Amino acid sequence: MSKPMFPALAQFVAATAGRNMTKAAYVAVTVGVVSMVLLTLDPAYEAAHRWVDFLLWACLVYFVFEWLVRLRHMARQGRLGLYMSSSAGLVDALGALAVPVALVLGAEPKTAWLLSVLWVLKVVPGIPGLRQLRRVLVLESGPLLSVLVIFLMVVFLASVAEYFLERDVQPQTFGSVPAALWWAVVTLTTTGYGDVVPVTPLGRMVAALVMISGLGVFGLWTGILATGFAAETRRDNFLKTWESVSKVPFFAALGPAAIADVTHMLRTMELPARTMIIRKGAQGDCMYFIAAGAVEVDLPGKKVQLGEGAFFGEMALLGNNMRGANVSTTKVSRLLVLDLVDFRVLMARHPDLAETIDAEAKRRTLENK
Amino acid sequence: MSKPMFPALAQFVAATAGRNMTKAAYVAVTVGVVSMVLLTLDPAYEAAHRWVDFLLWACLVYFVFEWLVRLRHMARQGRLGLYMSSSAGLVDALGALAVPVALVLGAEPKTAWLLSVLWVLKVVPGIPGLRQLRRVLVLESGPLLSVLVIFLMVVFLASVAEYFLERDVQPQTFGSVPAALWWAVVTLTTTGYGDVVPVTPLGRMVAALVMISGLGVFGLWTGILATGFAAETRRDNFLKTWESVSKVPFFAALGPAAIADVTHMLRTMELPARTMIIRKGAQGDCMYFIAAGAVEVDLPGKKVQLGEGAFFGEMALLGNNMRGANVSTTKVSRLLVLDLVDFRVLMARHPDLAETIDAEAKRRTLENK
Amino acid sequence: MSKPMFPALAQFVAATAGRNMTKAAYVAVTVGVVSMVLLTLDPAYEAAHRWVDFLLWACLVYFVFEWLVRLRHMARQGRLGLYMSSSAGLVDALGALAVPVALVLGAEPKTAWLLSVLWVLKVVPGIPGLRQLRRVLVLESGPLLSVLVIFLMVVFLASVAEYFLERDVQPQTFGSVPAALWWAVVTLTTTGYGDVVPVTPLGRMVAALVMISGLGVFGLWTGILATGFAAETRRDNFLKTWESVSKVPFFAALGPAAIADVTHMLRTMELPARTMIIRKGAQGDCMYFIAAGAVEVDLPGKKVQLGEGAFFGEMALLGNNMRGANVSTTKVSRLLVLDLVDFRVLMARHPDLAETIDAEAKRRTLENK
Amino acid sequence: MSKPMFPALAQFVAATAGRNMTKAAYVAVTVGVVSMVLLTLDPAYEAAHRWVDFLLWACLVYFVFEWLVRLRHMARQGRLGLYMSSSAGLVDALGALAVPVALVLGAEPKTAWLLSVLWVLKVVPGIPGLRQLRRVLVLESGPLLSVLVIFLMVVFLASVAEYFLERDVQPQTFGSVPAALWWAVVTLTTTGYGDVVPVTPLGRMVAALVMISGLGVFGLWTGILATGFAAETRRDNFLKTWESVSKVPFFAALGPAAIADVTHMLRTMELPARTMIIRKGAQGDCMYFIAAGAVEVDLPGKKVQLGEGAFFGEMALLGNNMRGANVSTTKVSRLLVLDLVDFRVLMARHPDLAETIDAEAKRRTLENK
């Protein structure tokens, strides 16, 4: 499995050696996986097996190459061990080695290439908010585990009961406990294929109980996750926002305690350059503070620039709630969004802030006369 | 497809050109869709195809007509572009053009008319609380998306695994990855048609894992939505109520900070004229403040009128909780409802308010002696 | 259908004319419904049709009788109209008239008696916490309705799509939109009977989308209900507790504002006489205040009586958390339960209360030396 | 069924007579249950029936033995009655007696041994967080029960309706109300086996309603559990943490009210000896207080020991959030974890604490220069 080493390509990959997923990688994953699927579709494969094979090999080469580049990159930084033991490192290794190893071990090609499904795992680190989900699962692992144990216990007891009740009537489907286990899982998850169904009156009563407890198990599960998630969301938002808040002079006036409050009220928004934030004439239900970057207010006569620390969109919250002008970013910006509700609560708690905003609003109205 | 332009009709529609749905439109949607359904029911259609065809055409004409009227209306207001790019505008256009275009493109009529199902989309903007749901979906889109990606990844890995495990035993159902994908979706959503079922022991173990993670995915989903929804509900109620609170002199005494509290305690209620709010002898668990409109208290001897800013229903919260008299609106009114629980908390926090209410209650009792 | 009027029976029923369900009524409902079920079980019915018929008639007579008694009772109190228009009144009327009317109208007896299933409705008013559930459904009706509308819209669009995609391949199952609607509902609720299953690739893609949005719809639904329920639970508990709190001298010291806090911390418990509340040697994680009734502490040497306003079980919260003695009610009692967590928060916020409790605890320890 | 009494074994078990599950017991449960499963797998059993029988008997002997030992142990402590009436005692008794009794009563061996499934119940008390789940179920039992009653009522009404609508078309599946009940449960739980499916238009409408209310019932259920669970989690954590907090001098400064706050912010973590808590170079989002035990900070030059009451990991929260050194426990320890979010809120509310931490941080930085 020879592999040419074009410097250009090397540079290109080296440049992104550190990052989790490059655009190229996304393309490779998609192409590779689609080809793998086609490989299993006999008609499609017969029609275009040359192409499919070529694409699969191309993707494989790419991933092997990417992996090697990363290994070298990490080795140079002396983080080789850390990388290889990291989940990202393992996924890269799997993606690069699984198929070749299988082929070398003499697996039937069509089967070996199925392993290229592992390439999709490369996408995982890129999933938005995955960290958040993981934290919930970790923190709530205790209760979640106990629900799982309960689940398994119900499955087990139920399947033995059904085996006892149904084995004589349906020896082929309830002929052993493992067979009954299959039924129990299918039933307790309320999937209900219908391939295995109790027919004796008693068997059906047990089944009914299993279904109902299925709802219960499920409800507990959801309840736990909902609880954990609510907490996590608040936390995540707080962390994102905290840094920025202190940077906005407007809030500097507040004591640290008040800032902690305010942080819970704000939402952070990351925007690329030249993005429209406010559309003239639209309903307005929040105001914005510029934590980083800059925006341009598109007023009738002129264009006004606002930089870090400035705020805008307050007009709509004070009087009529119609946006008076278009506003869009001029560079990559981080904005803090203050919702109408929190705006009012905040103004109520801190009259001084209310005055600052009113004053500014007045000034602007006069100016734009 | 010529279209007569009766001035009367024009007026009628023009009058409602701005509104989303007129009564006529609701009728048209219902009639049109029902006819479309009948069109597909061969026996019904054979029996009354003349009528069905006529109704379908009538509805189509109506929608085309409505669309044109709106176009003209918007054009006059110079909001043509805004309207045509708005979702409402697109739905109107689809409703008016889909079927004709299909017919013109020579689609078989019975098929072309199926497109009239798009008419139901006109109902969407009228759904109560839809805005609220959309906000939840937008704000929680991050986590929801990541759950979706996890969902897809599980589906994909599972289907490849099953394809590998089952293809030899059941070539017709697990003969390719796409076929296995179908099984995976049906299973992970716990739908479980039972048309495709793994039979090998390993295949069933994988399936069991898929079902259980199905519950997990679902639980996460619900957890996220529940979290988002809780926040949204509070916000929505606050916005509805805030404006009105400040208009009620009773609360004016409170400082702005306290008003923010109170707003969280109140619920807004919009009522048409001549609606009974309180029925004599019923259990009372809340009191009312009149933010707009007026009510009439039906006392033994006389009828007492209460106008904006007044409150009523406090008696039931102070002593015995039986309503003492019928109360009903005399005109369209907006009421603020203070629940028994919040009433007590509020009275506890603001003794002055408690006194005001007690005094008023006493006065009324004397008066009505 | 003549009906003897034994004074004894009349008294018996009259005594309970006001109440929703008497023990007798529960028996009648159970017996009646079971007999109705047996009526449909041919073997069972052939075996004992005489008995079944007799029981059914007996129950019917009972319900007719109960209804008449209530009518008279209400008429005397001049609340006849209120009663007949109330849900309880309607259910009573249905239970009494449905079967006879059906028989009179010449319905086949076996069918007519099926209507006796309506008797189960009499149980509804007795369901614990139903009021709470209803309030949730009412308050959240807005969002719930909009989810329902979305549900129906998805069902409708999906079924038309499937009809279009599958009608040629499976004319018998997807031969008309109504047929496809059946499939859509079965799928969107993730029930998945498997009697109607799409087979075309496109049809399956649509189906997959329907299943996934099924999870979404369901998630929203649950989210809304969870939100509403959380609020309702707090409210319900507050109302149950508030009255009692003010009656306990221990809390009288606190200002009204503090009492509102405390009320949120306490849980009310209604107990019959001679019920064991605390078992010696058990783990203790809460203390009790007697709002009404009395308890007996079973100490080594003697039995100590505690009456209204007294508290007990605090020892376990102060030092070692093992219960030191058995405590049981001597008459019907209402207790306020203060959980360990809230106990600590409360003591922290109100040192004076902490002292009162410590003092009392010390006194008791000395006394019981 | 004679049973030898080796002193060694006796000691071994006696040592653990008090505990719920010993390692040996876990092994016995696993082995026993697996053998029982094999017993039902004819091929497997024929292959190794000698082994299977032997293992089953061995496990049985173990459990009988364990039970007797516990009985004696409890008898000596005079807690025999308490033990035998406790759930643990009942489970032990069942595990020891069920199979023998069945065999004595002359049940067919293969059937009698099925009762060994009861052995899994011994695992229950060991499930983490089960107490928490049980508390939720107990506290929310009211609403949960009413949902259950509603569930049963819907099932019942629906099945009678379907029986009436479908009995003529499908006498074999809807031929009696009990048969229809089976359908109703399968449908309302959205399991949907598909073995019984309504075919008449009206029957399908009823079925659709049942499915939709199935979602509703389920939603309520989940909502209730989610609500209860949220409360329980907070409580559980508070109890775990409270004791420890007061032991940490750092917090002693705070008044009791503030301590109650802090307790809600902290999370308790129990760690075995020689466990790595902080890995150098990792992201840091929390700091630790040592409630019990001791840790070792692995600094470039030296190893620093920290004992009870000390805190560490604050550096990452103050400046750059990279961990500066490895930290691991030297003995079994209980740590209090303060999350970044709560850290900031806390520092904001209590500037004095902030100073203490800053001072300490400075001191350490200088020291480690």
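By letter and in written order, the chains are A, B, C and D; residue numbering begins at 1 in each of them.
Convention: a residue touches a chain if its C-beta (ideal position, glycine included) is under 8 Å from a C-beta of that chain, and two chains touch if they have at least 3 such contacts.
The UniProt protein names, listed by chain, are A, B, C, D = Cyclic nucleotide-binding domain-containing protein.
Note that the structure is predicted; figures quoted are calculated from it, not measured.
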The chain pair with the larger count of contacting C-beta pairs, comparing A-D against B-D, is A-D
Taking shared numbers over all numbers used, above half giving same and below half different, the chain A and chain B interface sides are different
When centres are defined as mean Cα positions, the distance from chain B to chain D in whole Å is 39
Between chain A and chain D, the Cα-mean centres are separated in Å by 28
By the touch definition above, chain A meets two or more other chains at residues 178, 190-194, 218, 222-224, 226-227, 230
Chain B contacts chain A in the complex at 82, 142-143, 145-147, 149-150, 153, 156-157, 160, 163-164, 175-178, 187, 190-194, 197, 201, 204, 207-208, 211-212, 214-216, 218-220, 222-224, 226-227, 230, 234-235, 238-239, 242, 255-257, 259-260, 263
As the complex stands, chain A meets chain B at residues 33, 36-37, 40-42, 111, 114, 117, 120-121, 123-124, 127-130, 132-133, 136, 148, 151, 178, 182, 185-186, 189-195, 217-218, 221-222, 224-230, 233, 281, 285, 339-341, 344-345, 347-349, 351
Listed in rising order, the residues of chain D that touch chain B in the complex are 190-194, 222-223, 226
